Amino acid sequence: MAEELIQVDLKGKEGAIRVRSKVSLWLKRGIPLLILAILALLPVFQIVEGTLNYWIHMLMYVFLYVIMSSSWNIIGGFAGYVSLGHNVFFALGAYFAGMLFLATRISPFISAPVAGLLAMGFGLLFGLIALRTRGSTFIISTIALVLLMAELFDNWKLTGGTNGLALPLIDLPGQFAKIPYYYYLLVVMVLCVVASYFIKHSKFGLALRAISQDETKAEVAGIPTRKYKILAFGLSGLFIGVAGAVWGSYLTYLRPSIFLTVSLGTSIVLNTILGGKGTIAGPVVGTAIMIAVNEFVVAKLGATELNIVVTGLILIFVLLFFPEGIVGSLKARNKLPSFLDWD
Amino acid sequence: MGTLVVENVVAGYGSGPNILKGLSLTVESGKAYCIIGPNGAGKSTLIKVIAGLLKPREGKIFFKGEDITPLRADQVLQRGLCYVPSDRSLFPDMTVKENLRMGGFVMRDTRKVDERIDELFAQFPILKEKSSQMAKTLSGGQQQLAAIARAMVLKPEMIMLDEPSLGLSPKVVQQIFGTITTLRDQGLTILLVEQNARKGLQIADMGVVLDLGTNSFEAPACDVLNDPRIQELYLGKRHQAVAAEECK
Amino acid sequence: MIQVIQILILGIALGGVYALMSSGMTLIFGVMRIVNLAHSAFIVLAAYLAFFVFKTFNIDPIVSMAFTMPVMFLVGVIYYRLLFASRADNPRFADITVLVTFATALVIEGILAFIFTGIYRSTTPTYAKTSINFGPFFIPQSQLYALIISIVLIVGLWMFMRYTRIGNAIRATMQNRNAAQVVGVNVTWISTLSFGIGLAMAGAAGSLLSFVFTFYPAKHIAWIGMIMCLVVLGGMGSLVGALVSSFLLATAAAYVNFYFGAAWSPITFYLSLFLILLFRPQGLFGKKVEG
């Protein structure tokens, strides 16, 4: 009798679990896809109504920063090598595509993938030097890279020095002008996040995570740590370079003071850590939140000085109390909503 | 009444699990104790707790009748209880003499420290010879000797040594154990942690087996050495006959 | 030839200030393994303090060191206690501290910009505008004073580290934190004190820089770039290394400035950083590669 009861109970439970897992799987996949669909359809409303320019612009910001953070995550999150200089890839992509356009009229939309490869090549080269060090020295070398690049571009005639380069506006009526950029960045962002998922779960990604746990042990286990780190650093530049090419053309002007600041490099890191470094959804969540917070601070307080104070304070708070970030902390407590569990 | 009494000590690192799970131990004055146990059993942790470098979560530690549980590391040193860590932990870019001076850091009277160092130089002539060399230039055995001498600067009543034979060649190990035996014969209470269980037990009066965070076994060193279970676990069967022979 | 020697004089004069700027950062790194990216922001903060007391009470910036040094010492003690003391055992400590201190630099920059705006400032005591001539050579009086005071402070720090009980404890903690604990050094206390001393040096540097250079809230970015290069080149944690690399790079930058133009002198710093990483990652006077 009792046994029967238990069996019935078990059956009921199993059934419930099965139903729940079906629903949760649906939510897990469905919610992100729904958001993606809305994002894909948004420009249609812009074309019809013409009132969404602000939202389109803000979303493009989000796409751009997600690309940068998700890419940074490959070396910073998976392998644990914190780089404060990833905006250098961004600048390289932008300047390459911009200068190419000025010289040959080849559209940045076409040259963007090449810009990405160039950024990646540069990443491999820089990694060859800087990845001889670890920890704090490595971080310092990445800051020095940004400062060095800023100095070079500030003084280089070919890049227009501090005045930078001006690019022509895209040849479209104002209310449509953003749309090609919007889709380009959206597609690159999706590719980038998907790529980071596959990298994380590949053998290569596993090796990177081993490096971040204990590099000496990883090396003893036969992982070619140096090669992998350099490769990860290069890969993390690829999509950022592409995004740089697109963004430069969108902005229509390229200046070191926009692309090559230490605070830009830092905000990439901040967004990722806030969201949860090493997780796939973290860079997306962190970026969306930080951009919303920044908009709020600027709108409410108006002062940009206080904006960096708030940025700094959030960063300190997160680093000291939630170093795993939002996604990481929620996951550790088993409270992560399934639609944010992309790992 | 032992000179050192450890009572039901529970300890661990940070917010991590308990490493020591209610460990008790009594050390009699003037005797040498050897703690053996598998890697990660918590032997070093126990010594750090006694030395005041790690606060226990529960339990108490008494030294010469005084409750030293709440004391800081420097206060424990001043009570005459010194510690030689397992990695020898010298100051690599200080000379041997400076290292010994640091051994007397908790004594404010520098003249007394220098007198003590001269005594130790007499006892360990090799250190006198190397006194103005950087510690990092010493050989492994010399470093171990320097670390022991550094602990001896305070003229302790009890000394704790964590795996003094680690990474040393058999010949050098022999010398270090000779030194420890001398210290024992001078009347020092000794608490020795040793991977090389057979050697450690040979120079000890008492053996303590630490496993899973509790002391599973405590007996005269000879008995531990001859215990079949211990032989199987830590000494290797082939030593059985030898061990029995060596122990009277 | 006269030109060449004149540049050397000016380079050396700057080297003294650079050495003072990097000494605190290298001390803090040596003892706590904290790469204090806020170091130059603290220097800028101290420069604003000196500027403030100069404007309001007409206190000479050199005299104001008696104020900026203890204030910055206290700031350092509180800052370390508040944010870092309890985390010194965290294995991810180094990475976290780099980001935390950089975030701190942003906070300081923002607050200074809010209070003092972005206008370029400097203190203007009478000696800031005159030069001392000897034969065909000259040295700005301000730089001479800054050089002398910097050297006095660094030699003082060095003697303190070598000949006092507490200084020995600091050196011991730098060399082997674990061993320092074993011989009874209270490393938490020593770390707090060292952070205080490091920032006191930043305080002194701020007072001196206030009449040697112009500054504005975001100036710390350029300075931290320079200080980082000096500290890495010298070997992180090495006081002597910081001193040598300061004089070396200051002089090199002065020549580069003269022969190639002002724009290239900061590039000297960054390029030498990458060169040293390429050929000797631990720096000129460094110990092995740290983790």
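The letters A, B and C name the chains in turn, as written, and every chain counts its residues from 1.
Heads up, the rule we're going with is that a residue touches a chain if its C-beta (ideal position, glycine included) is under 8 Å from a C-beta of that chain, and two chains touch if they have at least 3 such contacts.
Please read all numbers here as calculations on a predicted model, not as lab measurements.
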*Provide the labels of all chains in contact with chain A and in contact with chain C.*
none
*Kindly work out which chain lies most centrally, taking the average of its C-alpha atoms as its position.*
C
*Hey, how far is the Cα centre of chain A from the one of chain C, in Å?*
34
_Just the number, please: Cα centre separation of chain A and chain B in whole Å._
52
*Find the geometric centre of each of chain B and chain C from their Cα atoms only, then give the gap between the two centres in Å, rounded to an integer.*
43
*Once bound in the complex, which stretches of chain C touch chain B?*
89, 165, 168-169, 171-172, 175-176, 178-186, 287
_Can you tell me which positions in chain C touch chain A when the two form their complex?_
29, 33, 35, 37, 83, 87, 92, 94-96, 98-100, 102-107, 109-111, 113-114, 217, 221-222, 224-225, 228-229, 232, 236, 263-264, 266-267, 270-271, 273-274, 277-278, 281, 289-291
*For chain A, which residues are in contact with chain C within the complex?*
80, 82, 84, 129-130, 132-137, 139-141, 143-145, 147-148, 151-152, 154-155, 262-263, 266, 269-270, 273, 303, 305-309, 311-313, 315-316, 319-320, 323
*Can you list the chain B residues touching chain C in their complex?*
14, 51, 53, 72-74, 77-78, 83, 85, 87, 89-94, 98, 101-103, 105-106, 108, 150
